[in-house]
Structures are given as structure tokens and as C-alpha cells.
Amino acid sequence: MNNVLVMPMIIPVIAGILLIFLRPYIKLQRWVSFLVMIVNAGIAVYLLNRIQTEGILRLDFGGWEPPYGILFVADSFSVILVLTTSIVTAICLLYAFSSVGKAIENMYFYSFVNFLIAGVNGSFLTGDLFNLYVCFEIMLLASYVLITLGGRKAQLSESVKYVVINVVSSWVFLIAIAYLYGTVGTLNLAHLSERIAESGQTPLLTVISIVFLTVFALKAGLLLYFWLPGAYSVPATAVAALFGALLTKVGIYAMIRIFTLLFYHEPSVTHTLIGILAGLTLIGGSIGAIAYKDIRQIVAYNVIIAVGFILVGLAIGTQAALEGSIYYLIHDMIVKALLFLLAGTMIVVTGETRIDHMSGLIRNYPSLGWIFFIVMLSLAGIPPFSGFIGKVLIGQGAIETGSYILLALAFISSMFVLYSLLRIFLNSFWGETIISKEDKVPMKKGWIIPCMLLSGGTIVLGLGVEAIAPYVLDAANTLMNPQLYIDAVLNRN
Amino acid sequence: MSTLIIAIMVPFIAAAMIPFLYKKIVKLHIGWFAMLVSTILFIYLARFIPSIARGETFAHTINWMPSYGINFAAYLDGLSLILALLITGVGSLVILYSIFYLSSKESLGHFYTYLMLFMGAMLGVVMSDNMMVMYVFWELTSISSFLLIAFWYQRKRSREGAKKSLLITVSGGIAMLVGFIMIYVMTGTWSIREVIAGAGGFASHHLFIPAMLLLLLGAFTKSAQFPFHIWLPDAMEAPTPVSAYLHSATMVKAGIYLVARFTPVFGGEAIWFWLVTGVGLVTLFWGSFHAVRQKDLKALLAYSTVSQLGMIMSMFGMGSAALYFGYSTESVVYTQATFAALFHLVNHSTFKGALFMVIGIVDHEVGTRDIRRLGGLATLMPFTFTIAMIGSFSMAGLPPFNGFLSKEMFFTAALTIHEAGIFSLDAWGTLIPIIAWVASIFTFVYSMIIVFKTFLGPYQEEKLEHPAKEPPVGMLIAPGILALAVVGIFFFPNLLGDYLLTPAMAGIFPSFATEGLGVSIYAWHGFNREIWMTIGVVVAGILLYRFRTYWMGIYKIFDDKWSFNSLYSYVISFMEESSTTFTNSYMTGYLRDYMVYIYLFFIVAIGGTIIYTGTYAFDISGNAPITEFEWILTFVMMIAGISILFAKSRLTAILLNSILGYGVAAFFVLFRAPDLALTQTVVETVTTVLFLVAYYFLPEWQKEDVPRKSRNVNLIISVSVGVIFTVIALAVQNGKLFESISSYFEDSYKLAGGNNIVNSILGDFRALDTMLEVVVLLIAGIGVYTFIRLKAKKEDEHIENQ
Amino acid sequence: MKINNVILRTVSKVVVFIILTLAIYLFLSGHHSPGGGFIGGLVMASALVLLFIVYDIETVQKAIPVDFKKIAAFGALLAVGTAFGSIFFDVPFLTQSFAYFDLPFFGKTELTTVTIFEAGVALVVVGVVVTIILSISEDV
Amino acid sequence: METLITILAGVLVTVATYLILSRSLIRVILGTAILSHAAHLLIMTMGGGLKIGSVPILGEGNGTFVDALPQALILTSIVISFAVTAVALVLAYRTYQETGTDKLDELRGMKHE
Amino acid sequence: MIGAMLYTSLALYGIAIAISAYRIIVGPSLPDRVVALDMIGVMLVSAIAIISVLQGTKAYLEVILILAILAFISTIAFSKYIERGVIIERKRDD
Amino acid sequence: MNGNVMIEFIAALFMLVGSIMALISAIGIIRFPDVYTRSHAGTKSSTLAVLLTLLGAFIHFAVEQGFYSVRLLLGIVFVFLTAPVAGHLITRAAYSAGVKMADSTVEDELKDVLDNRQDEKGE
């Protein structure tokens, strides 16, 4: 029985509910949540290895055969993401322990984080389109709450935009599902794929695919990223790190899944459009990243650049490019979380948000500075950190298919990433030290250890590519051959 | 030889150990440890000389990412060995020098860590066979150079210089990476050896030229070729040992190494020839020309380095022409340029290293490097003066110093090549010796400036920070050794040539028989054209030097405003400013604007696809009939909906919304959905109550006083969205392709024990949705509670109020 | 201003009773005719809302002294727990089972785990709706 | 009938979009509520033919039932949109309480140079 | 015959609903609108009763009852809103 | 015409009459001058309309399917019980919110009572 498949989603749900009862016991709440993430990571590792031997796993809820019931499908791609999610969340939680504060922790903070993760993991694992919508909603509602938690003015005014835009995008998602159901009469992803393939993706289906594209573009921040810089600037650091690491990635995941499994018959329309959007996103993100001196803005625009970069891989759509996208996805989840944590820590220790108001931090906080340096290089795709291999593979795909504009944009954008972060490093960490020993806010262990763990992650991931290569290879292979997925789900082997 | 990889790793290990050692060992200067490492490596590498000279090569591989063919492959041949020896040899000397140069108050731990990091990276670059691994080390050199330039990071100029060098070299590195990937796509291997082995097999590939250009971009930025040279003078903010080591002897040679390494692949192509030779020559001229005007000795040396690098580069370019002809006895003549290039590569490291150290000594002892304040130091610092003279005269190309030999060979190459008759050389080839000659004159001039302005002339003690005196002996050892090498090579050039340069030639021209490649170097080869050129250089140089006050005005034409430097600063500041303006112009923070963009995207993307694919056919023949009641209900809902827009009070709006809700419920009844009708009515009521409860606290609904223009925009957008929504829906109703799966659920009683199909779906077939929807509700409930209960304290607000 | 509410209160007592009965009926009949946990919960919640409107928060809470957040959480736990239970029987997650029993008085009766699941749903709905409305109303 | 309902839904979408584009927060939230009505009507028309077949309760009517799956989807969606509307409403309320305005152009958030 | 009668009365209810909707839109006062909404609710109850007769199903009887209840609740809520501004009080002030 | 059809016809008649009543009260809603008079039309006559219709439906189900619906009866009772209360509350709310009466109104009895009470409080 594959019941273990549901665990990454159901354990956080149960934990989230139980924590509501455990409201007064904050210490307990912390460790329960942390434990949940660790257990999830363990389950993900177990699943990942099972997939390599047994092929794609599935769990039919209630025993209802697909396409009638809902099911969870675990292929390498989704489980890799689940694994990364769990690890990143666990580390962000560690940071949260010593940063969010009792007042917020007391307001069911850990429950919401658990629910958020349940939504994220559910979205990765589900094999049913409507269920994907529901999982998205869980994630979004939890994020609505988390972003507002604290109730500061800026939080409220930014989250209003975040909520409204997401409500509209969820609505578009809903009507897209309705259109698709109306056309092909099913909701199961594999079954949908089969039926779409059978019809040869009629023009109408192409139109519907663009509706889906709109939805996921909104969620992933592909060109339609207007909500993102504001929304990611306001919440507590740990929450911002989670958002930066996870939320857009779910949109990206969904987009990759939908456009490799369902709508892959008309790449001249859909994938071209994705390519154009990705290119524009890279441009917009790059320009935004160097536009501001507010560290939170710089960091947020970096998220946008990464979205564009990953989806360049999808637009190109070769095996190499998809592998590259997957590597970069993993890399970006880890490093973006770290980047947000660092930015948040810098703001807390200096009480400033603008880089030109900070100076010489490396004297006061050397480890923070060097970790930032590593992140900077890692994000710019400089080896041997983790961004490197993804970049190479996407570049390889782009060259193979002759997508030179995307190639140029993708690689030039990493210069902008480097420059934007270099500005922070030069302005804030180097230069005259202005904080004296006495005024210095002491660096808490709870802040620096999570950062160290994550920076260790990027180094290990960069050097140990070979360790995850077979999984990524399998993931990309499944994405390239939708039939594998269909066969596994619909019992046709 | 697995020790090769260990050799590359040793500096890294040392780099990791230094911070600890620095903390533990207080007494001993940490530099000695670094020097030990570097010397051991030098000796280790030197042991390879005999076998390499016999034509052997060494390789060793450790798997890194075998799935992608990216492995840690070390490869040592003649070419690598020259550079590796330079790296470790000059490295040892520089470290020795730095031990006396840097005061122990500096953060030496950092310094030597970076230095070791650099040494390892540089060894990695020259000894990697795998292009990706080479790229890894390549970027590492940029990074360690960045760290070293900004060693005094409190200084703004250091930071700016570091930033400039990092941006330029990393951009080049990324270009090179793309070039590498292109080569991989063409050949299917990351191994440089395999690429060289297959050279020629893919010359007609459409990626061949782009790959070459990108590769050259990487090489040119790293080797500070025109117009990317601008970072090098600014890099002189680094401590002088660093300048001596990275920015003249080793790192900047990485680009040259790259060109040499890939000559077998791309050499023989006209573009390659012209780019490498042309850029090299322009750099040679531009660098020497600008070196003359410098007032700061270090800047002078920086420009001189730029110029010398250009010279080496151009020689590699000329040499590559030999590959056009393939191997024959005639074509071997052209390979001499390459030989000269390798020779000068070594020579340059010796004399330039010595010069940098000397300048460092001057700076260290008298506290300034400004030639306007210096003068007459020769008597006070005789040893220093001697070394400086040896270096300068070698640079100027005078005997009996090694620079003379390579300069002569340079002239020979320049003269030979323009007679080759290929690549339209007959049209432009004459320029090559002319530029070479003119640039040599300037080289002569600035070499003289170093010697005469610094060490001769009047001694102005009042302008110096400290009175001049000889430095500690330790500081003189390293430059002294280099000066000895300068002289030694002049007298025994063939020792170097036979053991190092000739094997390196084999690496560059693998298709040529090794025997023909070696060149015997002679100091004297009669009164040929080259020697007359040299004499011309000396004469013209002396004249120019004597009368420089008359022609220095020429530099006014090259105003600072129009330099590449100001272009760089302009681009940077323009980018920052315009990006702020641009981003602010659309990221207004106003929800309506964002929604307008989103809807516009919706309209353009989806509407465009609809028109493009022509999906707007529909017919209404299959529709169910409509009764009067339904007409009326629809009509009422439409009117109610539209009236919301004109509602004068919020209560009216809520009421109208309720009509919509109840109307939808009525439709659910008409469409035979009792469960939905039930739920919809209750939910609608609860929502209404919620609206009432919340709206009590909200301000009264005010008339929208937005400008007519934006109102029209809103109207157009909303109508378009509505139309697109409807058009797709109608198309879908018309274009049903498959039967729905839902007939399966009609067995719900048998399957799930429920008569109510909808409820069975919710409670059983799709129970997960229901379960999760419950979670959604729970989140909403608890969330609302926290929204209301958790209010920010006033002191929490401070961060965003700034 | 004091407002005489006798008429409203008198009627509400009857009405709330009717509503609650209906709610329970809807909840139980959901499997075979329209209704179910969700709607049952909503109707029950609306009965409570009616009480809150007619009376006031303090009065009602004195009569029903529960924390509605916990009710909601408990409901969710019940729903998820039912689903989770299937894991222990080594059947796919969320497997519902049903059986028929002959009980005295009721005749042939169907017992199904769906009912527990639906009860959880109903509790969540009640808890959440009341929590939301109370949260806003209390915050003046 | 399907066409009529679709057009009705289209009108609702237009109205809702117009509201969402307006300046005041409470209109925007009302707009999102109306959007969900439109979506539900749309899903309804996406099943098999409307009004063909009987109520999807076994034992009612004679054999043919209307498409039950869209109904289940709508039910889920109703609940979710209720939850979202509640959250949005309370958010609007809190925003007004904290900032003293419901004008979105006054809620631009942080200013950057 | 019977069918015609039922359709007619359904149409009449429709007209009545339309008229009430008109009243909601034009107002003029708030209570007017609430009265009209209450009436729409009640009319819908009747209309649904007729529809269920027409469709020959008992499935809507719950709907009828619920609609009646809710129309009542919302009317009370509205009237309290009009009268006091707030519909749920923390503590009654009498 | 046998008994059943007859009764069904009567049921339909009930419903038709109910709908006519509804139309009449709708006309009242639109024609009456102020909220107080409109609420008469809105609550009282429409209650009658509903009662008639529900009764018709009840009879219909009773005759055609032999199904005596408790829920319908309950509905009838419920509407009978609540509609007047609702009307009462709204008019009262309207009055206390100060909605103007129509010009043709002859007397406002409540005004005096309330004024008196105000006076008592004031003392």
C-alpha cells in the first residue's frame, strides 16, 4: 500500500490542527513543527529511492481507480521538490524560533506554517487538476494569514494587493479547469493528457492552455509579478524566506507539469509564449534588481529573475533544459530562502533597510558577510555552488534548440543578479564600520545557524551534483515522456 | 599521476588552514607557511620538466559529475607546465616579498587565504582538461582577485576597483562559459584534449564562429585586452604584491593561456587571426601610448602590462596562421610567432614582476608613487635602482636582457606574417609591423620614465613622506632573483627554449611534427630588418623622451570624458538611474494599475490566441429551451449586477449582491442541483451577514471620482474580459470532445452506499477535496481570528516608516 | 435607546428550534438526499448567528460556553482522523466503509464512516463561521 | 439556455472586473465575490446538457441524471470562495482600521527612490 | 392544462421578483430595499415549490425551508443594521 | 375527470392564485408611496401568496406521489410565523432610522409615545 504518499501532506495538516489545541505550549509547537519537516524529509528520501526501483508511485484515495477518484502521484520531480521543501522549511523554522517573537508565535504561527507546507506538498503530489486548485487554495490562504501576521500598516496594505491579485488568479484557475472539463470531460491529469493527445490538442485546447498559462504566470510571477516585490518585503523574515523559497516555485511546478504533461502538442504557440514571457521576466527582474537601494526590494526582484530563468528551461523544453530547470529549481529554493534570511538578519541587526545606510558589517558580523558572499556567487551561477549545473544545462538546451535570445537573456541576467547583490555586499558589508562594539546587536545563534546550514546546502549541492543526478535525470525523463506518467496512473503497462 | 590533482588541491587546503594557523601561531609570520606551500609546489612541478621535455604528458581524472561528463581531469603538458611554474615560482617570490612588505597589523590571515585560493584556482585553470572545471577555476581566480583588490575594503577606491574587475572578468567568464557550452554541443565532450583531437571536424558547424567569439571575449576580458583593459589600472588598488602576482604575472595570463590552448581548435581561421592579432596590437599600442602619460608609477606599470599582454596576444594570433597551411616546412616559419609569444610570456613575468616589486619598495620606503614627487633615488637606493634598471631595460627591449630577445622575435613575426598572403593580409598586413614598431617606441619611452624620473634627476625630500633608504634585505631578495632571471635568460635562452617552450609548442600545434617547432634563440642575427627596427625604436624613443613636453599635449585629445573608463561609469550610473525610473514607472504600488496589467495580459494573450487559432465558432442549436421564468430571472440578475456599479450606498450594493447570490441559487434549482441550491442560499446569507458586520466599520461607499480616461480604460478592459470569458465558454460548449467521466458516479449506491450522487462524490469519490476544503475553512477561521487579535504595537512600525 | 424585543425573542426561540432540528436532519440525510455535513453545519451556524443577532454575545456565550476555534479544530481533526484511520487498516487513505445493520426501531440502518467524516465537516463549519462572526463583532 | 447562462456569467464577469479595477477596497472585495458567482454558473454549464436528466439523487426520476461532477466541484468551490471572501473582508476591515483609508491609491505601500 | 397553469404562475412569480428587484435598485430608502429583498426571498420560496412540482422531485423541499429561514435571518440582520448600525452586540446596553 | 386530477387541478389553482397574489403585492411594492405602506404589501399579501403556493405544492405531492411532506408543512408554519415579525422589525427599524412617511400620512401615533418617553428620561 502506498499510503506513505499522502504523508508529506497529511502530517503537516494533522500537526497544524493539533497545534491549535497546543496554543499555550510554544516550545512544544516549535519542535513539533520542526519534527514534522524532518519526518517529511525522511519520507521524501524513502519515496525517491522507491521510485527509482518501482517507477512512478500512486495512491488512489479511497481506493477509487483513476480517473474517477483523486490520487496522488509521486514521480521523481515532485518528490525532489517535496524533499527540498521539507528541508528548507525545517531550516526556516529554526530561524523562526528566535526571530518571529512570542506575540506572533502565540497566534497559531506554526499551525499556519504547517498548513502552508501541506498545501505546497499537496500541490506537488496531486494527480488531479481540481485537487491542485484546492491545494493551491490551502497554500494561499495560509500565506494570506502569514503575510499579515503582525498587523503592521505596510503588511496590511501590501497583503491587500497580494490577496486580491491571488483571488483573481484563483478565479482564472477555476474557470480554466471548468473550460478544460467542459472540453475533455475529465479532471485526472493523466487521463486529461491522454484525451488531449487523442484529440491532437485542438485550437480550443490551445486557447485553454493559455488560460492556464495566465494562472500560473500569476502564481509563479512570470511577467505578472507585480504583487511580488511588495508582498515579499513585508512579512516576518522567516515567513518571507518561506515565501521566497516556496510560493513561486509551486506556480513554476504547476506550469512545468501542465505544459509537459498536458499541452505539449502545440509548442509553437504555448512554449513560444512561455519563452517570450520568461525573457520579459528576466529583463524586468534584472532591471528591478538594480533599481532600488532597499535590500528587501533587491532580494524580491532576484526571485523574479530566477522565475524567468527556470522557465526558460521549460520554454526550451529539451531533456537537458528540463534537467537544468529542475536543478535550478532546487538550488533556488535553498538559496532564495537563505538570501531572505540574510536580508532579514541584516535589517534586524542594523535597523535599516537601505543598503546605503549600512556599512562595514563584515567587521561586526563576519560570518554573516561571508555567507552573503557565498549566496551572491551561488545565485550568479558561479561554480562550484549549486546554481552552476542548472545554468549550464539550460544553456546547453538553449544552444541545441537555437534559442539564442533566451540564452543571452538568461546569462546576462545572471550578471544583473551578481551586480545587484554585489552592491549590497560592497555597500553594506564592506566600507567603514559604523556600528561600534557597544551598539552592536548581538548575533543570535538561532539566526546564524540556519544561514550556515543553508549555505552548506548550496555548497554540498554544487559539489555533490552526482548524488542527485540520477533522480533529476529520471524526473526530466518523466517530464519528457508523458506516456510514462499516463501508464503509471492509468495502469497501462 | 594522481598527485597532479593533489597538487591543485594543496593550495586550497592551505587556504582553509591559514585562518586557524593565523589565530594559533602568533609569533611567526603566516606568510612563511604560504611560501612553504608554494615553494614545495614549485619544486614538485619542476620535477616534471625533464619528462615533459621528452614529450610526455600527464593526466589524471577524478569523477565529479560523470552523468554530465564533467569530471575533475588534470592534464599537464608543456603549455600548462610553463604557466604552472610561473604561478608557483613567481608565487613563492611574491609571498617572500609580501612577508616584508605587509605590516603584521594587516589582517594577514585573510590575505594569505585569498592568495592561496588564487594560487589553487590558477593552477586549476592551467591544468584542467575539462572545460567546465576550467571554468570553475577561472571564476575562482576572478573571485580571489576581487577579494585581494578589495583587501583594504574600507577604501572606496578599492571597492570600486574590485567591483569593476569582478564585473568585467565575470561577464567575460560567463561569455566563455556559453562558448564552452557551444563547443560541447558541437563536439559532445567537455574534454579539451578530445575537442582538440576532433578539431576541424566541426569547423563548418554554425556554432563554430559564435563559440570562438565568446571564448575570445572571455580571454580578452581576463587578459585586459582593449577595450576591456579598464579594470586593470583600477585593480592596482590592491597591495603591491598582489599587483605583481595577479595583475601582471599570472592571472592576466589566463586569457592568453586560453587563446593558446584553443589555438589548435580555432587557429587557421581568418576571424581568429584578425581578432587575436588585431585586438592584441590595438591593446599593445593603446596600453603603451597611455602608459606614457601616467603620473602614478603603479598605473604606469598597469598600462604597460596591458600593452605587453596585447603584444603576447598578437603574437599568438600571428602564430595561429600557421594552422591555415597545415603542416609543411614552409608553414613552420609562422609558428615562430607563437614561440616568441611563449617566450615573452615568461620574460614579461620576470621583468614585470621585478618592476612591480621595485615600485612597491619605493612606495613602501618613501610613501609615494607619484613621479612628480620622486627623483634622485638612485644614490640612496642603489640595489633597488639596479633592479629597476634591469627590469626597465628589458621591457624596453634592450640587450643584454631577455626582453630584447623576445622583442626581436616579435618584429620577426610581424614582418614574416604580413608576407603570408592569406586572410587579405596583403591589404592590411603592412599595418602589423608599423603598429608593432610605434608601440615599441612608446614602450621604450615609458621604460625610460620609470628609470629616469624615479631614480635620477633631483631628489625632493620635502615631497616625500619618509626619507629614502634601502629597504630591508628580505624585500630585495625576490626582485633580485627575478632580475637575475632576466639577465640569465638573455644569456641562456635555449635552456628555457628547449626544456619548456618547445614542449609547449607541441601542445599548441599538435598536428605539427615536434621537431620543426623548436626555435633556437640567438641574441645576434646580423644586421637584418629587426635590428634596424630596434635601433629605430631606441633613437625615436630617446627623441620622444627628451622632447616629451612638446608633444604631451596630444593626450588632451583623449579627454577623460571620452575614455572607456567614463563609459563604464556612465553605463553603470545610467543603468541604475534609468532602472529606478523605469521600475518606478510601472511598479506604482496601486492595485488598480497592477490589475490593469494583469487583465491586459489576459486580454492580449488569450484574445490573441483566440484570434490566432480562430476558436470563436459556436452554435446554439443544442441548447436547452428557456422558459419565461428563466428569462426573467436572467434579466433580473443582469440588471442587478449592472446596478451594483451605480449603487449609491454600500447597503444597496450588498443587497444587490444578495440578489445575485439567491439568483444563482435559483438557477441551481432550475439545473437540478438541490445540494448546491441549499449550500448557495446558506452561504449567501452568511456572506451577507459578514458583509454587514464588516461594512459597519468600513467607510461609507463613496462615488468613484476617478478621471474619465481611466474610467474608460476600466470599462474597455472589463468588457473585453467579459467577452473573452464568454467566447471561450461558448466555444467550449460547442467543442466538447469527450463524454464526461461522471456517468461512473451514477452507480454511487452500489459503490459508495449513497443515493445522493453529489454527496457521494464529495464524501467518498473525491473525499480528499472535501477534507482539504475543511482545512481551508479552518485556516480562514483561525486566520480571521488572528487578523483581528494581533495588532501591531506602535514600536513595531519603525522599520517601514523610514 | 431601549428597544422592546419581545416579539422577536419569542419568535426566535421557536425558529431556532426549528432550524436546529432541520440542521440535524440535513446532516443525517446527506447521504441519500440533499444535505450533508457541510450544509448541516452551515444551517446550525446560522441558527447560532440568529441567536447572536437576537441576543448578544455575552448572553449566548454564557449559555454555550465553548471555544468555537477549538470546535473547528476538533472537527478538522475528526475529518482528517477518519481519513487517517484507513491507514491502520492497510487500505488506501480515505477509504470509507459502510455497512448495513438491522437495528430495533430503525429497521435497516446504514452506518458509514462517511458520517463521522461529515460530522467533522459540520463541526468545522459551525466553528469557523461562528469564530469569524464573533471575531469581527467583538472587535469594536 | 447554456448560451444565455454563459452570457449572464459574462455580464457578471464584466461587472466584477469593473469593480475590481475601482479605487476603493470595498468595491474590489465585492467584485471578487461576484466573480465566484460567475465561475459557479460557468462550471454548471460545463457539465453535460443543462436540464437534461433529473436531480442527481438515485431513486428520483428515471435513470438519466444531470452531470453530478460539476456540482461537486461547485460545492467545493463555494466553500473555498466563502473562506476567501471572509478573509478578504476582514483584511479590508483591518486595513481600514489601521490605515484609516480604503482608497487603494493611498495604500501604495513603501515608497522607493 | 395543469402544466400551463404552473408555468404561468412561475412566470408571474418571475415578474414579481423582477418588480421587487426594481424596488431594490431604485430604493429610495434602505428599508424599502430590505422589504423588497425579503419579498424576493419569499417569492423564490414559492417559485422553487412550483419548480419542484414541475420537475416532479422532492429534492428541493429542504431548499424551500432553508430559504425561508434565511430570508428571515437576513431580514432581521438588515433591520438590526438599520436600527443600530451594528448587528451583533457584545453586550446589550439595556 | 377523476378525483385525483381534480385535486391536482385544485393544487395548481392554488399555486396560480398564489402567484397572482404575489404579483399584486409586487405591484403594491412598486406603487405604494412610502416604506411603511410598502411593507404591508411586501410582507402580508406575499405571505398569503406563499402559503397558497406551498399548500398547492403540498397537495400536489400528497396526491401524485402519496407523499405528505412534513418539510413543506413546516415551511408553511415557518413563513406564517416569521414573515409578520420580519415586516414588523423592518418598519420599526425604518421608523427609528427616521425614514420619512409619505405626505399623505394622516397621523404618527408613535411619535408622541416616544417623545413622552424621551421627556421622562430627560427629567
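A few comments on the model shown:
Chains here go by letter, A, B, C, D, E and F, matching the order in which they are written, and residues are numbered from 1 within each.
Here is the rule we go by: contacts are C-beta pairs under 8 Å (C-beta built on N, C-alpha and C of every residue); 3 or more make two chains touch, one makes a residue touch a chain.
For clarity, every value in this text was computed on a predicted model and none was experimentally measured.
Taking the definition of touch as given, a chain qualifies here only if it contacts chain A and chain E alike; those chains are B, C, D.
Note on connectivity: the fewest chain-to-chain touch steps from chain C to chain F number 1. Chain centres here are means of the Cα atoms, and by that rule the chain farthest away from chain D is B.
Compare each chain's C-alpha centroid with the centroid of every protein C-alpha atom shown, and the nearest one belongs to A. The chain with its C-alpha centre at the largest distance from the centre of chain F is B.
The greater number of contacting C-beta pairs, out of the two interfaces B-D and A-D, is seen for B-D.
Centre-to-centre separation between chain D and chain F, using Cα means, comes to 32 Å.
For the pair chain C and chain E, the distance between mean C-alpha positions equals 25 Å. The geometric centre of chain A is 27 Å away from that of chain B, both derived from CA atoms.
With each centre defined as the average position of its C-alpha atoms, the distance from chain B to chain C rounds to 64 Å.
In chain D, the residues touching two or more other chains are 20, 25, 28, 42, 45-47, 54-55, 57-59, 69-70, 75-76, 79-80, 83-84, 86-87, 90-94, 98, 104, 107-110, 112-113. In chain B, 580, 584, 589, 591, 595, 631, 670, 672, 674-675, 678-679, 682-683, 685-686, 689-690, 693-694, 697, 725, 729, 732-733, 740-742, 745, 755-756, 762, 764, 766-770, 773, 775-784, 787-789, 791-792, 800 are the positions where the chain touches two or more neighbouring chains simultaneously.
The multi-chain contact residues of chain A, meaning those touching 2 or more other chains, are 13, 17, 20, 61-62, 130, 134, 137, 141, 144-145, 148, 151-154, 160-161, 164, 168, 175, 179, 181-182, 187, 230, 234, 291-292. Chain pairs that touch one another, listed by label: A-B, A-C, A-D, B-C, B-D, B-E, C-D, C-E, C-F, D-E, E-F. Against chain E, the residues of chain F that register as touching in their complex are 8-9, 11-13, 15-16, 18-20, 22-23, 25-27, 29-30, 35, 38-39, 42-43, 46-47, 49-50, 53-54, 56-57, 60-61, 64-65, 67, 69, 71-72, 74-75, 78-79, 82-83, 85-87, 89-94, 96-97, 99-100.
By the touch criterion given at the top, residues 58-60, 62-63, 65-66, 69-70, 72-73, 76-77, 80, 83, 86-92, 94 of chain E touch chain C in their complex. For chain B in complex with chain D, the touching residues are 580, 584, 588-592, 595-596, 599, 618, 620, 622-626, 630-631, 634, 637-638, 641-642, 644-645, 650, 653-654, 657, 660-661, 664, 667-668, 670-676, 679-680, 683, 686-687, 690-691, 694-695, 697-699, 701-702, 704, 706, 714-715, 717-719, 721-723, 725-726, 729-730, 732-733, 740-742, 745-746, 748-749, 755-758, 761-762, 766, 769-770, 773, 776-777, 779-781, 783-784, 787-788, 791-792, 800.
Of all residues in chain A, those touching chain D in their complex are 130, 134, 137, 141, 144-145, 148, 151-154, 156-161, 163-164, 167-168, 170-171, 174-175, 177-179, 181-182, 187, 230, 233-234, 291-294, 297. Interface residues of chain E facing chain F in the complex, by the touch rule stated above, are 1-2, 5-6, 8-10, 12-13, 15-17, 19-20, 22-23, 29-32, 34-36, 38-39, 42-43, 45-46, 49-50, 52-53, 56, 58, 61-62, 64-65, 68-69, 71-72, 75-76, 78-80, 82-83.
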